[in-house]
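Next, two complexes with chain A in common: one pairs it with chain B, the other with chain C.
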Partner chain A sequence: MANQETKMNSGWADQDHVPGIKSELMELNMGPQHPATHGVLRLLLETDGEIVHKCTPVLGYLHRCAEKIAEGINYKQFVLYTDRFDYLAPVCCNHAYVTAVEKLMDVEVPERAEHLRVITAELSRIASHLIALATFGLDMGAWTPLLYCFREREAILDLLERIAGGRMLYNFFVPGGVRYDVPDEKWTADVLEFVTMLETKKVKDYNQLLSYNKIFIERLADVGVISQQDAFDYGSTGPVLRGSGVSFDCRKDDPYSVYPKFDFEVPVGRGEMGTVGDCWDRYMVRVREIEQSCRIIRQAVDTMPGGEVHAIGLTKPVKLPAGAAYSRTESSKGELGHYIISDGGQMPFRNKVRSPSFCNLQIIEKIGVGQMVSDLVAFIGSLDIVLGEIDR
Partner chain B sequence: MNILTEMIRGWFGPDKMSDQMVLILSAVTLATLMFVVMALCALVFTWMERKVAGFIQSRYGPMRTGRWHGWAQAVADMLKILGKEDIIPAEANRFFFSFAPILVLLGSLLAWAAIPWSPNFVSADLDLGLFYIFAVSSLAIIGILMAGWASNNKWALYGAARGAAQMVSYEIPLALACIPVVMYTGSLNTSDIVIAQQGGVLNWFLFRNPFIFVAFFMYFIASIAETNRGPFDMPETESELVAGYHTEYTGMRFAFFFLSEYANLFLVSLIASMVFLGGWWSPIPGTDFAPALTFIIKGVLMVLLNMWVRWTLPRVRVDQLMYLCWKVMIPVSLTCVVGAGLWMMWRGQA
Partner chain C sequence: MEQKAIYEKLVEKFGEGALGFLEEGPEPVADIAPQKIAEAALYLRDEAGLEFDQLMCLSGLDWDGFDENGKGKSVAILGYDVGGQPETSDRVGEGDLGVAYHLYSHGQRHKFTMRVRVPRTAPTLPSVAGVWSTAGWHEREAYDLVGITFEGHPDLRRILLEEEWEGHPLRKDYVMPDRWGQVPLDGKNLAKNPFPATEPDPSGSAPAAPTED
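Moving on to the complex of A and B:
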């Protein structure tokens, strides 16, 4: 009877060919300290040899009560907390938050500020995607692309340091504009130069070294396939959704800022190496997005008007009328939304963050099952999660 | 060996010692010498690995320790590792846990005995030299399994299971790739194999027979897998298994694994140079001025090639590794054996 039960519960028990010897699944703790979990993600695995039979993510190791903190401070002060959500693309996080505040506040953001926002946000997106490529390569055992990608990211950090003063957490946006204007004329020239260098040389290098490497493709093609329906069901956004062949990008489909002015494409997974929605597709979407971001930056720099960069000043606390606003923006990981409820005071009544990494991660419970441990590592890497954003 | 026994006799006076005593003394001397050379090689290669990795990754690698390009970095690391606490996990099997690193090191150390460094210097000039090398280097598998199992750590167990499967499998193409050469020499004696390649680069086995040329690449791929280095570093797989079979090891015990990895790396490179690349013979006939140096340079070049591969390619998955071995490399190696034999008959080289 007991034997029958085990057989009903799981297929692996069929392999019990030695009578009297009981075999059971091995519980395996992957993380929170594990090199492939991109921070402090913890996965509870049940494995049969190399095959994963159950995969449960355990979260909360980086929880910093950011949403609660928002309720106790002024709208302007909270910008610097958004930096800490997705610390690999902090400017994109700023963007989502200030857009929500401005929606409620009804303030006209100067055109120049919007251009600077787009330029810095796209630079930040490139930096984030570069890290995604780098760490993904590392997960696959390729060390060298890591250093190459970090070299280019370093150039982006230098550019952002010159305009925002920080190298990692910029606190660059304020409701109603950006904090600083372009430091000097050379900055825009340097941005263009960097973008050209990245487009013409570096992306080719990455493709040669990593993307079209035979071993790399073998590892990723047909691995961790997310079907379109699954991507919809689990609320995936960003490169994860686009990797499954869905062309959805908030910059295009629900435009904000000055994105409608610019001409760019939304790359989607096409299943070139295997199935649509496999790990390679998600990876390649990021590589192609780097190129598209370069296009956007070039246009934004070329058409940047003069004038002020902030509408309501930097220091005075902001007071919002009572009401609620939701804004969504396309961060490097996907749709990043802020839902702000104001009761008319200087602080929000509630600030709910919809973070893309959190929503993208939950699909692992479905896709992770039946994969090999190595493929699970590839799958986590292809999701490109940032734990700062998941736990907030 | 003979020279050494003569020297020892000379030092102690001709009649002071029995023959057995002299033999034991010279064996101990040679073993110590080999161990020192091996440890030095490991030091040099760890430094070299960092510099090569740095060069490939557009950075410098160690630059400070010892002033000139950080030459003393490996020494400093060794000293540091000597001072580390030796931790044995509470639930580990103490005996096997402490014995495993020694066994792994022993495997590579024993294999070094049969390497023909120069016409006059082979520590153990065995008739079954090549066979002996492959046999004793398999000891490492037992050590790795032991380490993984005794650690009582699931990641270590994964690493050990993968490592054992991989090394057992890849020994087959490794040995098969050397068989065509043995068919030429008719001897497994390592010195004989090198002597048969006298007379310039065209007499190296690599260029004597197209099938051996293919077999060389089979050997090279299998040797990467045999030394557990990227892209076949399944037992370690630091992005998947934390550190694989040596996850729980610290201090000198870890250093033993480390040492044996580099000793093995040099060993397989030396075998490649010995079997396929003419051993101590220089490429141009009549210029054999420094046989041992020529041999070592060839070995170091093979090591460089190994490092180049490691720092360029991503890692394969464990089932793909097995597929590559059983379904690609073993059939190709077998074909090479048959093909080389037919070629020998056709060209009348047999």
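Moving on to the complex of A and C:
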């Protein structure tokens, strides 16, 4: 059954330790209900003892064919489906979609709406990164940071609930603006207060609890190293690409919305604990991005102008001129792009979604090979995938 | 480098393999002959000055019933009717299938978009998975949902749907299924509650399981 040619030298199966006794590769089914696979990801492993020989992801458990649905509903209706792609950072997904629609539509979005978009998207990004830290720590056996991270995420959900009405899925953006203005003056003050608290206290807490914990570092340094070349080849984006030492962020390098107005840095992996591009680097990029998001939010709140929040009436249908365009934005997981082909009507002829998790996960077929099964769990955690976005 | 200049280089290299360049619209796009696409991709990746090291997006397309006049009169896709039954149509799908490639170069910081069209009767074109590994899954998705076959792909299987699935959902003439395995997918059957409320049993024992009618 085992393919003798594909065996590697690192394990037991191909070594003749006991003459006359042959060993075989074992097939191990990891998922789809395995807690360490972050959703309904199923991995079909061929293992030799503890060593992974082949890793085949099996996808599609959450497939709804949102791209087909998009062809049957109008542009405004589809915003709420984008919420369901990356349900941990739904506002970022909204942002990607409306950016794509507006690229074709050529509408001028009010400045205030752009600021609100940036504020809510960055809050959502922080929430998503907090989940990434929390569950990653959980995978590595650290229970406590989960409770800390969820506490702060709860505060973000409260803030987003006050402005958008929902706690998990917001449907907050519309082509041409956002649905609601800030509920009251106190909201912006609360956002600033939360951001300050996160920057000055909480990130330090996470670093002390998790990031610079000796056990945590030992577990992650030099594990699952993605080289820069591999990252490009496999189309990795977001923290996975930046963890490999590449300074690329769509907010900076292919700017959209009002991000060029704000001053922030793009953290990259530097191999502080081991090799550039290991699991710890990818993890640490997310922690540092939380701080940078806080900076962006503060500037966006401070410079927010007054005025309208949507350029097109909320009940007015949107009609796009004929044309096709690919537009990409930086979601919390990486480059989230939409390729929209319009035939001039109210519904897209085609809306292809390029989701970052889909592209980031593929590299597991290469990097997963030769690792221990327990390191594979660390590797999946460090990729920070969301299956709603992979399966769409 | 400007997209137009990149296209000129492709014309220089491949001659008739480069079919045209559309400059108008929100995004310039080059049309490439399908049989040349893998060579063109390799050239775009390796040629000094172009260096497209990332395939941002690969989209399978179905141009069936596309309204070229830009009036929004494209053929509407088939869904379910009011009664929950799949809609059907006598129309036969006839438009071309296609693939769009969106490339980006991290070194040169430029983008390029190219498109190919393949006939619906023989939707086959060379795979670019050997050029950019990320195309592996994207091409599997295009094969799965649009039904385009990529020659030379290392592992061309369905990726999101199961192997036994019939048809390719993103084709414009795709008829929605009325069952999925043993599960009926029409609205009528779903309207009937599969878990009817049971009468509370005065004796206090567990309620009987609902029986088949």
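Annotations
Quick note on the criterion: the second predicted complex is superposed on the first by the 378 of 392 C-alpha atoms of A that agree within 3 Å, B and C clash if a C-alpha of one lies under 4 Å from a C-alpha of the other, contacts with A are read in each partner's own complex, and residues count from 1 in each chain.
The rule is short, and it goes like this: contacts are C-beta pairs under 8 Å (C-beta built on N, C-alpha and C of every residue); 3 or more make two chains touch, one makes a residue touch a chain.
Bear in mind that the values here come from a model prediction, so they are computed numbers and not experimental data.
Taken together through their common chain A, the two structures put chain B and chain C side by side without a clash. In the superposed pair of complexes, A:252 makes contact with neither chain B nor chain C. Look at A:377: by the touch rule set out above, it reaches chain B but stays clear of chain C. In the superposed model, more residues of chain A are touched by C than by the other of chain B and chain C.
Touch criterion met: A:151 reaches chain B, while chain C stays clear of it. Shared-chain residue A:213: touches chain B; no touch with chain C. In the superposed model, A:138 lies in contact with chain B only, and not with chain C.
For the three-chain overlay built from the shared chain A, the minimum Cα spacing from chain B to chain C equals 15 Å.
Across the superposed pair, chain B and chain C touch chain A at no common residue. Put simply, chain A touches chain C in their complex at residues 59-60, 63, 65, 67-68, 71-72, 103-104, 232-235, 246, 248, 253, 319, 321-326, 328, 335, 337, 339, 341, 343-347, 349-350, 352, 354, 358-359, 362-363, 366, 391-392.
By the touch rule above, chain A contacts chain B in their complex via residues 26, 28, 34-36, 49-50, 137-144, 146-148, 151, 209-210, 213, 215-216, 218-219, 372-375, 377. Of all the residues in chain B, the ones that touch chain A in their complex are 53, 56-59, 154, 158, 161, 230-231, 233, 237-240, 242, 311-320. In the complex of the two chains, the chain C residues touching chain A come out as 25-27, 29, 53-57, 59-62, 66-67, 69-74, 76-77, 79, 100, 102, 106, 109, 113, 132-134, 136-137, 145, 159-162, 169-170, 174.
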